[in-house]
Amino acid sequence: MPETPRRSLKARMAAPCALVGAVALVGLVVFSSGPASADTTTSTTIATTPVTGDTTTTGPTPTPYGVGSSSNGAADTTGSTLPGAQPGSVQQTPTAISALPSAGAAAAANAPANETGIIYTDLPNSFIAPGQALFAANCSSCHGAEANGKIGVAPNLQGLGAGTVDFWVSTGRMPLANTSAQAIRKPPRFSRIQTLEIAAFVQSLTPGQGTQVPIVKTSGADLENGNTLFTLNCAACHTISGAGDALAEGAYAPSLHLATPTQVVEAIRSGPGNMPRFGPGNITNTEARDIAAYVTGVLQHPNNAGGVGLGGIGPVGEGFVGLLIGVGILMLVCFWIGDRA
Amino acid sequence: MSDKSPRVDGAQPPATLDDPHLLPSAKNPKRMEALAALAMLIGMAGFAAFIVVYWINASNYWESATLGIGMLGLGVGVIAWGKYLMPQGPFVEERHDFHSTDDERTAFNAAITGRGGLEVKRRKLLLGIFAIGGGIMTLALIVPGVRSLGPKPAKSEDTEGPVENSLFTTNWKKGSKLATVSGRLVQVDDLEVGGVLTVFPQGFEGSSPDQVILIRLAQLGPNDPPYPIAPPGKTSWGVQGYVAYSKLCTHLGCPVGLYQERTQQLVCPCHQSIFDVNAGCIPQFGPAPRPLPQLPITVDPTGQMRANGSFDQAVGPGFWERP
Amino acid sequence: MIDKTLNWVDDRLGVAKGGRTFLDKIFPDHWSFMLGEIALYSFVVLLGTGVFLTLYFVPSSHEIVYHGSYVPLRGQKVSEAYASTVGLSFDVRSGLLMRQAHHWAADIFLGSIAVHMARVFFTGAFRKPREFNWIVGVVMLILGIVNGFLGYSLPDDLVSGTGIRIAYSIMESIPLVGSYLAFFLFGGNYPGSGIIIPRFFVLHVLIVPALIVGLLAAHLGLLVKQKHTQFGGKGKTEKNVVGSPMFPTFMAKTTGFLFVSTAVIFLLGGFAQINPIWQFGQYEPYQISYAVQPDWYMGWLDGAARIMPSWEWVGWGHTIPLEIFLPAVIFPGLIFNILLLWPFIESFKTKDHEYHNLLDRPRDRPKRTAAGAAMLTLLFGVFFASSTDVMANFFQLPLMDVLWFFRFFVPLAPIVAYFLTFKICNEMRDAEGIGKRKRALIVERSAAGEYTTTESPVRPGDGHEELDAIPVPTFIDTTDPELATAAGVRRVIR
């Protein structure tokens, strides 16, 4: 054989390895879950703390539409959250687990809707004036100065309530960037306080009507109940992993990976867009709290004990990986072992 | 294994070591051997590490990594051994016709037709009886495999048998109370406009053929005119803005749980059949052939929602006996 | 030592003659002949990991309350099948690795069968005398697909349970006997008496694997008897086989490949999550998730069901649901029958009844290659059609547009593919020098600035292609001391 130098092993391996690596990288990047990271400790390190029953708030008995006396959301400081931190940050992860099987379901079967878990709050009156100013500057061009909408442009907001407005604005869906079949979540334009001011203004136009802003206390939630309810009511649109999917008429059910507990409850109660509206007679406040805790505590931190999550869309991603990477790598090994001619 | 060539050796002189076919293909066999040995040592270490990792119950990532490295190391080493260090060949063997000669075939044929034909000629009676007996035996042996299975699907006229045995009946009767899967009874004010709920007849929560999707299309009072649904004659099947349809998709039986409130469409998540609720759940798009069967509902004086009858047709996908 | 043992065994079994023939057996070395081995070794991994799983899985629909380590399920009523699978994933040491390796091995098993089958098809290796082996292979493909479906349905989770419901409806749709078949298998109207999980278990663990093993033995036995095919080339004729001997070369390469395949499967099983059933929850017949597709090898049927228009035949008191029956029963039936009968279809059309031990280059048989390309395009089309909703979401397109696209693409693209492939094959055959394996040219620049090119040396391991083939030597003369120190021979001093 001629002794001319041939290209080094590294040079010859570069192209095939780069190809395999590129495919693997593309597959892993495209199909890995978004912000949720694999949490391998969920299943083994959470301590079981017995629950002494649902904690109740002090003060007047809460009704579906908020506490009797107005508060600015700080009535219960033990582990409560102000009406929503910035979207994208995770609310408290529930740490206590119900030791009783589906206490929620059993109780609901025998008694009227349990009102604890969520407190609906009236926003302070001092929010209305700055809210009106913000509304006039940013929203009235489409929704009108009195928020009663313009036909073919924007819907009437009167009667929808502060919670509904808070949902649309805190998820960044409003103000609308461009008209399309459906508004998409984006970084919110306004700060939390500004969002609540706008919401307070819209609520003030029709006092007492519509969804209020909820204070959601996810500690003490029954994750198993939330799991059951989510699967029955939400998975058909949002998928069982909360990844979201396309609907008819150009609409789509969005991913739930950035939702806060407040936004989850606001969406449940106000039914934005094509989402059905689940009132307290359908999903009680405790059940809504459980769903919110499940979404933020479990769906956003999925237990991907098996490794890379591959997007949470099931066999589609798995098929790509199995065929391109699994069979692909083995075919490359065949190239190595066998003759090429 | 047929072996027609004389491989045993007087015919073939022994090969000598300088035969290029026996030489390894590697240019530097000692280096290649060292590399293969290294690979196998890494493999060995991987397996040893796997035993340790398994013993101390480390995570599945560690188990997989050590097992994978072990297998890879050994595998790569052995492949390198086979490909670069063993005699490079190439070697050849002859293909021999493995089919029999014409004479052998004729003899085989004759054995069957000859001796067999003799019996056929002499013992027609026995042969006939055996053939028929064998046929009946086959039937007899199949029967236990099939007859014990069951139950037989009930005919459409048979409405009294258990619902589990019929494709035509459900547990919905006139007066059945609507209940959620957890057993909670449904009252008329439970749902907001645009609300949706999965309901069952009380006592049969979770039963697959009975699953019904309850939708509130409008907030109507008991004295308001009924909500207009397109199929004539079925407007009265709704009550106070509520309508109820079988949740079993008429395509392949998936639960049609996806309700788009703004467009008032039910979309089946499995194969994207789209049903127009306002038009009586008529399929607008997709493979579903028939509208979802509607359940007549009403409200009793206590506000409890009840069925006002059962479905007027079989629920779920189509089947042969469905008229 | 070997002599004595061999004598003892041969006295009783007479294995020496056959054994030597076996050891001298020649396997051609082309890389594409190893694709079937991928399938074989992933099947071995399936058997091994499968045995592990059967030690822990409980095939029962009986409901219990979950008390294992996965918190969001604690207290929920689940079937024992589901609970034992979650238990395997979290509470059994190396259980998750074995479960995932088992599932990845199944995907790779069927993927490699598809690739192997394509190689056999496009090179014409199914021709006389190998039609039996082709049929055995197609039957193994069908059994493999069925076993995969049965296997991933065993955990009784929401996603696979939906598939079982669909399978029930498909069975029900068969005219005349459909409702009986469905009722008999399930024990009544869906979901039946709960017997379906145990029945799937027996089929998946015992009956179908036994059939596959039997067919595999026949497949390999036929291969041994009829010998492997080979591409034409230097020294290769219809009457010989050129390559490596079974012992020691082929055994070494194939054993190494077994280890490497196992390594890839176990690395995937540890680092790439597959079928995380704890996230899906227990199956209930009134619950559903969106973005639910079957595993890839069933995806083509799901896609066909999605794009099918809603035709249903109703008449004389009966219904034939064509929207199910056509895509889910007739369509796969047609495809599998075409596959099974292809050797006979082709020999009928070409009137070719000769023995063929040399393989075709695909471009030399343009019609067959074009037909294969059309079939692949059809199957890829329906396969991608099963993820219409995921695609619509990912590419932000309206759902209906994606569906309409596939309704046109699936019937039309294969026709385009046929003609395109036919043309490309003919053009490739006409071109000069294509396909002749060129050596890389090494370009060197001398100090004076002159460029010279030389052919690169042969890749190590390919050098043997330059030589003429010889029969496998049985006796090797190692006595000459000079030769014992020849290049490449390690001399051991005793």
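We just call them A, B and C in the order they show up, numbering each chain from 1.
Heads up, the rule we're going with is that contacts are C-beta pairs under 8 Å (C-beta built on N, C-alpha and C of every residue); 3 or more make two chains touch, one makes a residue touch a chain.
All values derive from a computational prediction rather than experimental measurement.
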Higher-contact pair (C-beta pairs counted), A-C versus B-C: B-C
Per-chain Cα centre nearest the global Cα centre, belonging to chain: B
Farthest chain (mean CA position) relative to chain B: A
Between chain A and chain B, centroid-to-centroid distance (C-alpha), Å: 32
CA centroid of chain A to CA centroid of chain C, Å: 39
Chain B-chain C separation of Cα centroids, rounded to whole Å: 18
Residues within chain B bordering two or more other chains: 27, 60-61, 79, 83, 181, 198, 255, 257-258, 269, 272, 285
Residue numbers of chain C (touch at least two other chains): 29, 96, 100, 253, 256-257, 260-261, 264, 270-271, 284, 286-292, 389, 399-400, 462-463, 465
Interface hub residues of chain A, defined as touching at least two other chains: 1, 102, 232, 235-237, 245, 247-249, 305-307, 333, 337
Touching residues (chain side chain C, partner chain A) in the complex: 29-35, 38, 65, 69-77, 89-90, 96, 100, 104, 107-108, 111-112, 115, 158-159, 231, 233, 253, 256-257, 260-261, 264-265, 268, 270-276, 278-281, 284, 286-296, 299, 387, 389-390, 392-393, 396-400, 402, 437, 440, 442, 454-459, 462-463, 465
Interface residues, chain B side, partner chain A - complex: 27, 59-61, 79, 83, 181-184, 187, 189-198, 215, 255, 257-263, 265, 267, 269, 272, 274, 285
In the complex, chain B residues that touch chain C: 1-3, 7, 9, 12, 14-27, 29-30, 32-33, 43, 54, 57, 60-61, 63-65, 67-72, 74-84, 86-95, 98-99, 146, 149-153, 163-167, 181, 198, 200, 206, 208-209, 211, 247, 251-258, 269-273, 283, 285-290, 316-323
In the complex with chain B, residue positions of chain A that touch it: 1, 40, 102, 105-106, 108-109, 232, 235-237, 245, 247-249, 251, 271, 273-279, 281-282, 305-307, 333, 336-337
Contacting residues of chain A [partner chain C, same complex]: 1-7, 42-44, 46, 97-102, 181, 223-224, 226-228, 231-232, 235-241, 243-250, 252-253, 294, 298, 302-310, 312-316, 318-319, 321-323, 325-327, 329-331, 333-335, 337-341
